[in-house]
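Two complexes follow with subunit A in common, the first pairing it with subunit B and the second with subunit C.
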Partner chain A sequence: MPGRVKKRSPLKAPDRPFIALGLEGSANKIGAGIIKHDPDGSTHVLSNVRHTYITPPGEGFQPRHTALHHREWALTVINDALKKAAVSMHHIDCICFTKGPGMGAPLVSVALVARTLSLLYDKPLVGVNHCVGHIEMGRQVTGAHNPVVLYVSGGNTQVIAYSQQCYRIFGETLDIAVGNCLDRFARVINLSNDPSPGYNIEQEAKKGKRLLPLPYATKGMDISLSGILTSIEAYTTDKRFRPNGPTAEDGDDVITPQDLCFSLQETVFAMLVEITERAMAHIGSKEVLVVGGVGCNERLQEMMGVMASERGGHVFAMDERFCIDNGIMIAQAGLLSFRMGFETPLAKSTCTQRFRTDQVHVTWRA
Partner chain B sequence: MATQDVSPTLKLLEKSEKISQGAEAKIYRAQLHPTPFTSESNSDGENVLLKYRFHKQYRHPTLDASLTKSRVAGEARAIIKCLRSGVNVPGIRMVDAAEGVLGIEWIEGKSVRFLLGGGAEDEGDIVEDADAAKDEDEVTEVKEEDLLKEYGVSADVVMEMIGTELAKMHQADIVHGDLTTSNMMLRHPASPKGLQLVLIDFGLAYISTLIEDKAVDIYVLERAFSSTHPASEGLFAGVLKAYEKKMGKDWAAILRRLEDVRLRGRKRSMVG
Partner chain C sequence: MATTPEAQWHNVTMRIPFASEKHANIAKQVIDVDRELQPDVVKRTLSVEGNDLVATFTTLTVRLARLTSNAFLENVDLVVRTIGEFGEDAEHVPIPPPAST
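Moving on to the complex of A and B:
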């Protein structure tokens, strides 16, 4: 390898312990987390509290109602986080909040809380990109060195790799996010939203047997999911479809909701694994990190694991505490940039629904 | 042909030398002639490259079988159409869609990605360094001029060749579907056919007359340039210029669509 050089990380070891509070509310979860960076380089999660806005089956969450939920729960969640961490607001070095991307109204509600706390206790604010939060927390929890990141959630589907102080997007969805695709299908077949529609799809899929043909839409490193959603929805009006399982007089040729969940997962996840593999081959990496809400799906983790081992690499995955949106990841990413001297002045502490992963200058990595 | 327990194609694979593993296939170097089944004495036959789409364990077997079959057949079809239209692509030597094997002409040369200093795909093995300290990231720096010198061309000329080749392909209504600099090779000037830019890997190619598909094809390459060769984004302009020249009157419509496609990604900041 000609001219391969190792660069030192620009992030210096802290001269004292740093504590950050992270506030997250870009979708239907409000989360508060407190993280501590010690001078010896270790990182401690002091607390990680979350409350989810759950809608009745067949309904999604609407921005206005979600924002209302966040406003009602913000103080409870933050107090709870402080209590569990056994720190007071005065010990905290900075308050990190999600700047974007996400739903406007919930983002604004949480940012307002962050601004108020910042003024009350005279603490600096740090605006954080939600996606970068996921990546940094994933790297911290799993210890992955320089992985290809598959970020899959209700609002995002991206294959990301780090290069030259930027998380570059190698592939992404061209239309809807994979979590959105699963959630919307869960609504069609009336699955519960508790604890999450994706979890219930996963459980139903375990009982499915029949693989129904669906479109398989990978386009280079990108994928398209909206057509698959339309096709799988069309199966629910097929005359072979039995919403309540097969009856006694049915033959073999019936379609159950379980079969549909199974087919949807197998097809969509195969596409995700394929584009991740493409990115791995393209940049020559052997590590994969799966983050985001859909990342805690065990079938996806299993498929990714098989792919990685076929390539002689391995997969890093996490459980729901860190996969699903949480406050601690915002605290982690925020504290990293705070230690590099980054602060968001009050006048610039706005939110944005559109904030791409590759717009962030990753100062803390070489 | 008499079929024994193992198909002849798989037997051939066993005797071939595996040279790398791409995203979806293993690549072998083999020799078809005089005959692969006689023992040893075939060392001076023609080299062929075998692309073996092996069974992907993570994928459901039914899904995997149908994808593999349609991709091998589709790739062969696209390559043949390119050959007929005079696009520089490797020649077809054998096709076995059921087993997932495609045999194509061996090209003596290097990928454009490697020559532009974007590293080589199959060097991943060397990169792994288990003891790499936690907070250190590795960065590769290669002097690009040195690599291209052997081929006697400048990067700008290579860009021009890419643009021309792409235009020829699109004029034949073939859409590559996975344009990256790794999927283009420069044939070594010392080889019998001389210096040539060759498009490879038609695994995702399809036939389309739509301006939309061609514009997306160009866009995919543009994105690949900026992610693989971030320091040399100006180069891509050279590709477009040559493409424009070759496409002639069709260019205006494609450019208009390309500008639309660029706006399409998710969560971009936009006005209005």
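Moving on to the complex of A and C:
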């Protein structure tokens, strides 16, 4: 592109080591992580502890029960994180917490703990946007420079590109998130929620043999998923459907849960790859960064890899430690803004269920 | 419903004792940040008297009084447990500051 000058990062190298505690609890995981930024510019993950609220098969997590889980586990998780990092609360520079988006009751539970710690130890609070947390941790772990970000999780599905100190949303889901679509289908076919419904769908999909026709719903830069969920659910009442696999007298024309998992994944991932490719063409980037819980799906990473390599590009993806919601990403994004002088005063440390990625002023990037 | 004069609303007052005035103040500040979910039918005042956190709720219905009191006590429980876990450690400020690594 003509006239593009490499701008210098506004983020100055720290004059001393900075340590941040990050607390996350916007969905069914409570996480605490401790990160350190050293004067030489290096970043160290000192600890990253998480506890997941797992519901029985066929059930999702309700806000109230999830909040109770977080309240029960918060102190254990924080203490574990401090112990693993061998850091005292006194040595921490700021306490970062998820301000939103997410489920109200779980968010507030974690914010209460963050505020109490902040007042007890007289440490500043930093409210962090959950999505920006995912993006910043992804950039840190993978070293991607200016990627198109595909953020796919149980609550969010967005294609994001950075421009002018803002993570701009290029495309997103028009109804439910992709993780929500997969999780809810897992409930329909009674898959376990342990370790996560998405993981179990991925394993089942590997055994699938048939690609069944499903609606393909990309709408410009956006996608729609609720109709696909309805369609795939409809297959479970089809008379060819065999919930326990084909029997001896069945012919070839049967549908197994494995086929449905396979078909669902192939269809929705193809849609995600399509809108991501379109965003890459728009901004002229050859890098894709996949973040969020669904981002650790290896089939999605593989499909994205094929697309990126055809464009001469590269996919950056992470494993479940950093993909799935965690405290360390909140610490990372919070510490970046803290080093730019950002703090959340106590009176403003409320949570918000709606907090869009593009509402954040990304002061730490050029 | 909303025409019921506020003088006829239901009142709940709770006094929660803390180990110190400082801790009672922390609990008050932490809980005061979040507004009530239905501010037009639930009025909340928090204050600290000595070592006690004093909460007064004025609500339109008995049901709201129960729900708000419950939610409040759950929040107090979380704050109290956090103070119980970290309060003592917070008092012992390490001297000298940690050597940078």
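Quick notes on this structure:
The rule we apply is simple: the second predicted complex is superposed on the first by the 365 of 366 C-alpha atoms of A that agree within 3 Å, B and C clash if a C-alpha of one lies under 4 Å from a C-alpha of the other, contacts with A are read in each partner's own complex, and residues count from 1 in each chain.
We take it that a residue touches a chain if its C-beta (ideal position, glycine included) is under 8 Å from a C-beta of that chain, and two chains touch if they have at least 3 such contacts.
Because the structure is predicted, anything quoted here is derived from the model rather than measured.
Annotation for the three-chain superposition on subunit A: subunit B and subunit C fit side by side. Once the two complexes are overlaid on the shared chain, A:K286 sits against subunit B while remaining clear of subunit C. More residues of subunit A lie in touch with B than with the remaining chain of the pair subunit B and subunit C.
By the touch criterion defined above, A:L120 lies against subunit C but remains apart from subunit B after alignment on the C-alpha atoms of chain A.
Look at A:V306: by the touch rule set out above, it reaches subunit B but stays clear of subunit C. Once the two complexes are laid on top of each other via chain A, the angle at subunit A between subunit B and subunit C, using C-alpha centres, comes to 130°, given in steps of 10.
By the touch criterion defined above, A:T352 lies against subunit B but remains apart from subunit C after alignment on the C-alpha atoms of chain A. When both complexes are overlaid on chain A, the residue A:E277 reaches subunit B alone and has no touch with subunit C.
In the superposition on chain A, A:K219 makes contact with subunit B only, not with subunit C. In the superposed pair of complexes, A:K207 makes contact with neither subunit B nor subunit C. Of the two partner chains placed by superposition, A:R64 touches none, neither subunit B nor subunit C. Overlay on chain A (Cα): least separation between subunit B and subunit C is 12 Å. Of all residues in subunit A, those touching subunit C in their complex are 16-17, 71, 74-75, 79, 88-91, 108-109, 111-113, 115-117, 119-121, 346-347, 349-351. Taken together, the subunit B residues at the contact with subunit A in this complex read 21-24, 56-60, 62-63, 67, 119-124, 126-128, 132, 134-143, 177-180, 182, 204, 216, 220, 223, 227-228, 230, 264-270.
On the subunit A side of its complex with subunit B, the touching residues are 1-9, 11, 101, 143, 145-146, 156, 161-164, 168-170, 172-174, 211, 216, 218-222, 266-267, 270, 273-274, 277-278, 280-282, 284-286, 302-304, 306-307, 310-311, 352-356, 359, 365-366. For subunit C in complex with subunit A, the residues that touch the partner chain are 26-27, 29-31, 33-35, 74-75, 77-79, 81-83, 85-87, 89-90, 93-94, 98, 100-101.
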